[in-house]
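Order of writing sets the labels: A, B, C, D, E and F. Residues in every chain begin at 1.
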Amino acid sequence: MYFDSLEALLAMEGHGPYVWAAYGITLLVLALVLSAPGRRRRRLLREVRGELRREAAHGSKEAAHAPGS
Amino acid sequence: MSGAPGALTFAGRLLRRQLTLALRRPVAVFNPLLFFAMVVALFPLGLGPAPDRLADFAPGILWIIALLANLLSAEGLFRSDFEDGSLEQLLLSPQPLYLSVLAYVLAHWLLTGVLLAVIAPLFAVMLNLPAAALPVLVASLLLGSGVLSFVGSIGAALTVGLRRGGMLIALLVLPFYMPVLIFGAGAVEAGLAGLPVAPFLAILGALFSLAAALGPFAIGAGLRISVDA
Amino acid sequence: MRAAMWSFFHKLGSPPWLYRIAGSLLGWLLPLSLLALVTGLAWGLLFTAPDFRQGNSYRIIYIHVPAAVVALAGYYVMALAGAISLIWKMKMADIAMKATAPVGAALTFIALVTGAIWGKPTWGTWWVWDARITSMLILLFLYLGVIALYEAYDNKAAASRACAVLSLVGTVNIPIIYKSVDWWYSLHQPASIKFTGGSSIDPSMLYPLLLSIIAFYGLFSCALLGNMRAEILARETRTAWVRRLAGGEA
Amino acid sequence: MADVEPLLSASGLALERGGRQLFSGLSVAVRPGQLVQVEGANGAGKTSLLRILAGLSRHGFEGRVTRSAPLLFLGHHPAVKGLLTPRENLRWHPAGEGSHDDSAIEAALAAVGLYGYEDVPAHSLSAGQHRRVNLARLYLSTSPLWLLDEPFTAIDRDGVAALQALFVSHAERGGAVLFTSHQPLAVSYRVDAVVLGAELAA
Amino acid sequence: MSGAPGALTFAGRLLRRQLTLALRRPVAVFNPLLFFAMVVALFPLGLGPAPDRLADFAPGILWIIALLANLLSAEGLFRSDFEDGSLEQLLLSPQPLYLSVLAYVLAHWLLTGVLLAVIAPLFAVMLNLPAAALPVLVASLLLGSGVLSFVGSIGAALTVGLRRGGMLIALLVLPFYMPVLIFGAGAVEAGLAGLPVAPFLAILGALFSLAAALGPFAIGAGLRISVDA
Amino acid sequence: MADVEPLLSASGLALERGGRQLFSGLSVAVRPGQLVQVEGANGAGKTSLLRILAGLSRHGFEGRVTRSAPLLFLGHHPAVKGLLTPRENLRWHPAGEGSHDDSAIEAALAAVGLYGYEDVPAHSLSAGQHRRVNLARLYLSTSPLWLLDEPFTAIDRDGVAALQALFVSHAERGGAVLFTSHQPLAVSYRVDAVVLGAELAA
């Protein structure tokens, strides 16, 4: 460990705000990029499930006739 | 059957229509911003990257880009409406043309001038413009681009019926854009030099009021001429 | 042997298979990459000595440089996928191309933002028009151009073909862009600023940096696989296997 | 019927275009309850006449036009924006005429056979569906006077029949329709004709 | 019935068609020039009129304007043909698409690049560029604008089917324009500084050959995609 | 006739658009001497089918299309430039098909009733005249196979009759015409029909 204390680590001799901001933004963007596909996948599956439920409820006749968006 | 909408309601609907047409896709909001960013990047590539030189030119560069962006988008303001018959419908409408035209211009201003003014500070920093000049830059762009939108719309209205109007609007309109450019870039330079900027902004404000009061009449007349040609 | 290879290619064209394989790949690649990232960053942040000229701000290097390196590699991945999809009409290549663009753009963005933050304490300015930085900005434009083009098409099959053409044009052009920007900068380089001195990096800094680069490659691949999985689903919502999947994964 | 005040009247109309006299001394009067078909070969001047009557052309012709009622005009161009949905096209229509109610718009779209297409972008509609969006304005209209330039273009047989029935019911409610078309109306209602280009042929 | 024309004859006819369309209105020829002139006039207004400063930046400024003029006119290259169905006809034609596309690009180049190159010296003088640099300016504009026309046409082909293409083409194309800007402005600067200009012109020439060899394929592919979207 | 090699044949065509199955399992064969009318309501898929058969749509559908003869295609859009004259429009037509001879062009323009209009800019023509410029290409064509999307749009009665006569004479010379139209042909020649959307109605 290079730093003696937590304060020293946070301050980094005055460069702390820059370093931590850079790391913060990076981790945030990485988290967004990594989580986006999962979120999209779950949303898609939810939509398909909803469609399945609708079809089960109404039968598939209407679905065939309704033009999609 | 409920009757026709009131004049203000109708103008509001036209505004929504114009904004929706422009922003139908989410990426459409970012495209103008990216366009500005790229054109900003052209200047260091063409003029050289020296920071002090760029900072010197930043007010002029940003203002010239704003002006070009305005000009280019003004050109198409009425074109598709002319071609698909929407413009005839607007002119036949029982609603007051002044307000309708105002809605068109307002949409144009929001989508070019205001947007550019809001993100201009980012590009200003990339061109090394000192932070002290940023508020003046934003204020002058906001006011000035309003004037540009009105003037540009007059040009668009007069040229929309011409099959090869393309750059003709530039000829009509650029002479009128020049005062705005001079006062706009002048305001920022004054801000940079620590001189008072209020007179510049006051002049821009006066131009803006004048354009808003008289512009729509000229635009309306131009549209009538174009549709009847 | 040939039969095995053929069946491999055949499977590569099968969405459910790819969906499953990508899922299980992710299952071990993601933890490993995250571990590498945490180790590399912690090492760099906590255990290395500061640079003698820049002090502690140099610690940004452990994210700045990996992001830049991987972002650049990403464009070639995208263009390669585009070429494959255009020439061999392989659906999966098409999906890979579409999946790469946002990840590459995000990494380019990270490189630029961390660089800007680094520049303030180091050079006293957020931004300079240095060759490397300018090229990276152009790379961001290239990525965003592909994304914007894709989004602008309603017909997503046509969108993929258009993006493939664009990224191919881009591959021919990227070396030209890089050379030209390098040359432009060396012509104009102001005598007062010198950034590109071949900084010889201390091994104590190099190891965490290498680890971090590996981690970024890993995370890039994870995001890519994840995006591909989502895209496969989006394109196959009407098929039986997706419906079964949706029913099962309640 | 001639004693009812006309919704639109024009007299002494004369127009020359491209060195050709399209019509001269033409008088038109449209009274409530009337269906008027403007006929003539391609290039006879039908569209030019309609634009004069609508007030879109104000220069370059002779004669007087008097209009005493609100007007709905549908020209050759459908004024439908491809980027907007049919619903939005009607809600934000620049003519600012007629009802802009959402439920009325839905009913009008259903009446022109676009049920289920209310919210797809208009550019993904077929040619006929595209024109039907425009025709839906007839169902929303509050104007007694309709001027329609080739309203049946690109519309299929059922659509044409429905439209003709609408004309009749509009006329029966005291409205009036002046339209151009190359095909005769198949309705059991009196249709007056204005024939252009007859002098030329003679 | 005489048969269909030969491939070269046909391409020649397309070229005549494009040129005639552009020149049908006399003002159309002068418009790009006037646009160029006016934008040149904007720079002293925006940047301040000190002659030495302007001369310093003249190569960059002229090249940036040429680039923007090119971009703007490229946008519409295939648009009207797409909208009125001419493009489908072109794609269904039994004639080789490579040559047809070449005719379009050539027409565009003649009407923007070549024209601008020819009159650029006039504006260069207005910006106080020394006369010695004029030949390089013209040569670099001639070659460089050819590359721009090809690259711009690729962007135009890919976006012509999009209803809101407006700024998108700029996003796609500007990054690819940048090397041309760098070498073009660099050539003029080298000329100003008395350095050899041949290497720059050679690079621009190489880029031009590359663009001419590969560009039409990308353009053709883009057009097919747009018509089939 | 079924033993003659078809100029155009397609089998197993299936197309889905906007979530609707427009057609499936559709087979079409067009042989020399045939007139084929594609029928169907607005939005049934006629235009989509024609674009697939012409080769303009190459993706997004199922089935195979084989064409063994040069083709002339006229779509919804007339491909006529307003800034050019009718003569120039034909001489420099981007399809590069058929005769580009000046005397042949004059004859073709006269045949579609545009005698005297050869040298006025096309934007000053009426809607129907504008479309007639496009139809003049039929008189210049050297292709045996014609695919025409609503060729009668905006054409007056005499014009439609002349066009139908042209179809017959083209078929009699060994050509073939596949066209869409909402109105039945009034000719004494066998017209085959391809009806779209029937399955849906059933």
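Operating definition for what follows: a contact is a pair of C-beta atoms (placed from the backbone, for glycine too) under 8 Å apart; a residue touches a chain by one contact, two chains touch by 3 or more.
Everything numeric here is computed off the predicted structure, so don't read it as measured data.
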| item | value |
| --- | --- |
| Contact distance in steps, from chain C to chain E | 1 |
| Contact-richer chain pair (by C-beta pairs counted) among B-C and A-C | A-C |
| Homomeric contact chain B-chain E: same or different residue positions, threshold half | same |
| Chain whose mean Cα position lies farthest from chain D | C |
| Chain D and chain E, separation of their C-alpha mean positions in angstrom | 45 |
| Rounded Å distance, chain C centre to chain F centre (Cα mean) | 49 |
| Separation of chain E from chain F, taking each centre as the mean of its C-alpha atoms, in whole Å | 37 |
| Interface hub residues of chain F, defined as touching at least two other chains | 18, 59, 76, 83 |
| In chain A, residues with contacts to at least two other chains | 65-69 |
| Contacts with two or more other chains, residues of chain E listed in rising order | 24-25, 164, 168, 171, 174-175, 178, 182, 228 |
| Touching residues on chain D, where the partner in the complex is chain E | 82-83, 123 |
| Contact set on chain D toward chain F in their complex | 17-18, 40-47, 76, 113, 120, 124-129, 132, 150, 153-160, 182-183 |
| Of all residues in chain E, those that touch chain D in their complex | 163-164 |
| For the chain B and chain E complex, residues of the former touching the latter | 22, 24-25, 28, 31-32, 34-35, 38-39, 41-43, 45-48, 57, 59-61, 63-64, 67-68, 72-73, 76, 162-164, 166-168, 170-171, 174, 178, 181-182, 185, 189 |
| Chain B contact footprint on chain D (complex, rising order) | 54-59, 70-71, 73, 75-81, 83-84, 88, 91-101, 104, 121, 140, 142 |
